[in-house]
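Presented sequentially are two complexes of subunit A, the first with subunit B as partner and the second with subunit C.
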Partner chain A sequence: MSEMWINMGPQHPMTHGLWNLRVRIDGETVLDVDPEMGYLHRGIEKISEDRHYNEVITLMDRTCYVAGLAWEHLYIIAAEKALRIQPPERADYLRMMCEEFQRIGSHLMWYAAFVQDIGLMSPFLYGMRDRDLVLDLFQSYTGARMTYEYMRVGGVRNDLPPGFTDQARKVLDWLIPRFKEYDQLCLGSDIFHKRCDHLGVLSASDCIRHGVTGPMLRSAGVKRDLRKNRPYSLYKDVDFDVAVADGADVTARYLVRMEEMRQSVRILRQVVDWLDAHPGPVMAETVPRWMGAPYAPVGREGYLLKRQYPKGVGFSSIEEPHGEAQAYVVNEGGEHPYRVKFRSPVFANLSAARTYLVGYHVADIPPIMGSVDVCVGECDR
Partner chain B sequence: MLPADLEQALAPKLGARLVGVEPFEGMAGRVRFRREAALDLFRTVREDLGFTHLSMVGGIDWVDHREVFYVVWSDEANQYLVLSTDLPADDAHVESASGVWPSANWHERETWEMVDVTFDHHPDLRHLLVPDGYVFHPLLRSFKLHEPEELEVKSRHV
Partner chain C sequence: MSNVTLYSVSYLLSDAVLRAIGSVLPRPLSTWITNADLITGIAVLVFGALLLAASMLNTIVLIWWERKLLGRFMDRRGAMHVGYAGLLQNFADGFKLFRKTTVQPREADPLGFYTGPTAYMVTSMILFGILPISSGWNSGFLPLSLLLALAVFSFAPLFIFVSAWSSNNKYSLMGGMRSAAQMIAYEVPLLLAVVAVVIVAGSFDLTTIVYEQQNYWFWGPLAVALIVFFAGMLAEMERIPFDLPEAEAELVEGWNTEYGGMLFAFFMLADYLRALVGSILVVLLFLGGWTLPTWVPAALTSFPLAGIVWFMVKTYIVFGVFVWIRASLPRVRTDQLLRVGWNRMIPLSLLSVFLAALLVTVKCLPVFGCVPSLGV
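Showing the complex of A and B:
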């Protein structure tokens, strides 16, 4: 049969977002691929240049809508370094709690979407059901289920409501047996193994050549997790293991993400205990009131006051649910950042698509791309 | 690895093409280089110093000149390093890093369309995030969010 190019997307069940995978095929075999991105490009880096430091947080929730708090955390660390502000310890613990709950929420969303791609319907319902418990927790202390706007330069917006930690423990106790259930549903299914084993293999050296990070890199046996390698916030104070697998295929990525959720529960138990035992301020005192206040009591005029900060560049990198995210914030002394640059892990993971798709069959593309965990919002920014 | 160690390792290979090594919070340092040194520097940093992983490439428009920066990572040293070069605004081009780190490919495509910096010998310099034929470079300071009409008159492409 002659070769041809086909479009998988921008409207295709495999894409989970708006993007287009152009595929050159010969019969059923994939010869070449060319991802076309940009359908969700909103110019977040450009808009950030026109906004006050705290106003950028709103954009961070929308950068990745399944891991909003992780992106807030990334930006906040860089902005605080650029402005030389130190948050209080309790705020750092609250941020870690946000990030780990967000990791569970994001991985459950991935799990639900991914297993549906390979033809198992009921795990989708289980995954979404349990993700809702995490969203309920977010709602109880941030007020929102998706776009939280919880973190602030210098701390977080508010402390936890009474009774939150007990509720959080209940959710964690509920989740641990659920992970076993997920494993039984997937690893016990012949369909799962037939559609996932030995597919989308990307070796450790290829991962590093193409800048692939996160669960995809760890599924190739590389033990690299920024929470361990270069601990940010207070990750050096909590005890956990880095999830690795060595198949480098779709099944290995599934195993890594499942283990990561278990480790997140382990971290969260320690963090919640710490929060119970150490009340304190959640906002640094050195932050001007107009900057850190939850409802901006000084009004719009307050934001327009000319305030000078020492110039500087802030760089941060965190282990976001999809991989290694980085922010580069240039502060030129004004109330807006001069330039904000984000590195999206999905962007780098997708740029290597040719290496893990070529040679497989067209029907293998949905499980392979599912295992990459594409979030188009953060890729296109 | 400290800025002084980096300077010691890089100076003999690059000579006057190395502008200097500065300290940078959270990183091994910031290497400033002239664009003629680009390929030699990339190879030295990757092969001799062990920075095997290129995380991102970005550009900054400083109005009178443009800056391109590269963030690289070494597993052995467990450290980041930022490389940066200043380019004249009317002739902004630098050698592509994608021959040394293939991961630079998409990052350079993005920088090219957003900040109008050309990467010489790039294998595939096409639009990535904005449509083909889009004549503006949104991350230049001259691209104003609130005055799109004015922009059309000022753009050098129109």
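Showing the complex of A and C:
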């Protein structure tokens, strides 16, 4: 067969979203790839400039549809720095709980999609089944399963419902044996190793050169996790290890994500215990009253424009399930942020596609791209 | 056992219907319609219709069986809503596909595009005319029925390739290429594994092969051949872990990407027809066909149509193993599949032929007993 270009996407089972991977192949060998992103660009940064600080949170849930709470957390930290508001301690713990549950949920979603890419059918539903438990927890305290809108500038919207922590512990107890089951289904299979070992290798230097972060970077043996390296929220108070693996291949990324889920469970146990022992307010006292109100009170139209608020900028970077996400919020004193900028880890991870795809087979593209954990929503924003 | 055969049933039906029509018709017409040749001719047609209906019904039940089993493996229930436990779900699906428009791509070659799926389905159906289902329940004495069955069985990649190429789609073409490569790699060990059975049974006739298993089923002494045959059948049936031609992760739907509506239903149906034939061949060659071991109480083997019942039970169990494999294994890559085919399966199949020859030499085994045709 002669050389030809094929379009894997925008609608292709491999993409797990809306993007296009153009592949030049010779028979079954990949000669060149050209990832094309932008099909899902919604102008979230621009829309944010037209919204109140708390309204941007709605957009954050839509930025990454599998890790909405992590993106809320990212934005909230930057916005609070820009507005110079300090959240109460309990709110920070609640946010950490959100982020870690979200990490588990996102990684379970990744697991489900990834095993589908190598042709495993049953674990797909196992992953989705267990993710449902996490979503049930989210539903019980945010009221939603996907678009949570839970965090607020200065705290979180509401405290946990009664009995939540017991339910959360039950879910954590359920998850740990399930991870073992997943490993048996994947690592226990020779075909899995045949398919995934030494596949999609992206060395540490290549990772750093392309700005690749998150589990992909850690799978190359680089021990970098923002929760440890640059602790935000109250991550310095909890005890956990950074998941690292050698090999830089698909199997290594699998191992890293599995270990991360275990570490998340470990963090969550501590956080849930803390939340049980320390009741308290979940919103800061110092949050100005206008912050919660998207519109001026009736008859006081000049209210919002008249009040002055100190200017400032806020920057935050968190270890999102897919990698290192960054946010920059500029506060020019208005009721809307002047400028909001996000850095998506998936965009960088995808952009390096040529480095880790060329030279492998066409059949290797789905497992490799599956191991990248693509979330197009946050990639295109 | 009973003397009811498929042919006698269809002859009785034809006879009864034609005589009933003849009794109400005037004199010259009634003698013509009840003559022996016409009854025989209609009986043959009824025979074919019964076979077709039985194979279709079985195929649809087989799809249901797979969906239910797969559901249980995946911690869910499978189809539940149409009919009892979803038994009628596939009829509903089939009806839906029947009503849908068939979209033909503008650049596709109509000749190959339409003949491909049709021929694929027809050749798969022919197989049912060849296979014996129980003693007397076959379409006649075919001394080379095993050879014929395997020959017809291996037509499929050709038609897959025709329909893939004429779809004028790159993914289809790659799927077709993979299908052809897979056939070359798996036909040889599959046939060698069959040779092992033929050596021991001394016949190409499937009925004889089943008869030769009356003392012991071949899966014990010919375990190596069974493993090779089973793996080869997985590849022939294009099921996970060897479903590369339609690997949906990278090739969308492989060779049937461009097919929709009834043509897709043809492919789907033919796939399951072939899966059914594959399971039947495993039962016939290695699991004693419709017979049960002699220590089974007579009450279980003497009721009417016991042979067919046990045959179907075995077939569905074998297919359940195929489903089990599908539920728990990832897909291999083309080059790995070919490597396994040439480097592992062929030596193993040669070993199985050697073991079969050894078995013929020693004639009787200590635990199992003897094969009737080998004497003693």
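Methods note: the second predicted complex is superposed on the first by the 363 of 381 C-alpha atoms of A that agree within 3 Å, B and C clash if a C-alpha of one lies under 4 Å from a C-alpha of the other, contacts with A are read in each partner's own complex, and residues count from 1 in each chain.
Throughout what follows, a contact is a pair of C-beta atoms (placed from the backbone, for glycine too) under 8 Å apart; a residue touches a chain by one contact, two chains touch by 3 or more.
Everything quoted here is computed from the prediction, not taken from an experiment.
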Looking at the overlay on subunit A, is there a clash between subunit B and subunit C, or do the two fit? fit
Of the two partner chains, subunit B (first) and subunit C (second), which one does A:Asp225 touch, if any: first, second, both, or neither? neither
Taking the superposition as given, does A:Glu260 touch the first partner, subunit B, the second, subunit C, both, or neither? neither
What is the contact status of A:Ile47 with respect to subunit B (first) and subunit C (second): first, second, both, or neither? first
So, does A:Leu125 touch the first partner subunit B, the second partner subunit C, both, or neither? second
Go through the superposed model and pick first if A:Glu320 touches only subunit B, second if only subunit C, both, or neither. neither
Which partner does A:Glu28 contact after superposing on A: first (subunit B), second (subunit C), both, neither? second
In the superposed arrangement, which partner chain does A:Met14 touch: subunit B (first), subunit C (second), both, or neither? second
Superposition-derived minimum Cα distance between subunit C and subunit B (Å): 24
Touching both subunit B and subunit C, residues of subunit A: none
Please name which positions on subunit A make contact with subunit B in the complex. 37-38, 41, 43, 45-47, 50, 81, 208-211, 224, 229-230, 313-317, 324, 326, 328, 330, 338-339, 341, 343, 347-348, 350-352, 380-381
Subunit C to subunit A touching residues, read off their complex: 70, 73-76, 170-171, 174, 177, 240-241, 243-244, 247-252, 326-336
Quick one: which bits of subunit A touch subunit C in the complex? Just the residue numbers, please. 1, 4, 6, 8, 12-14, 28, 115-122, 124-126, 129, 185-186, 189, 191-192, 194-195, 361-367
Subunit A partner contacts - residues on subunit B that touch it in the complex: 24-27, 52-56, 58, 60-61, 69, 71, 75, 78, 80, 82, 101-103, 105-107, 114, 127-131, 138-139, 143, 145-146
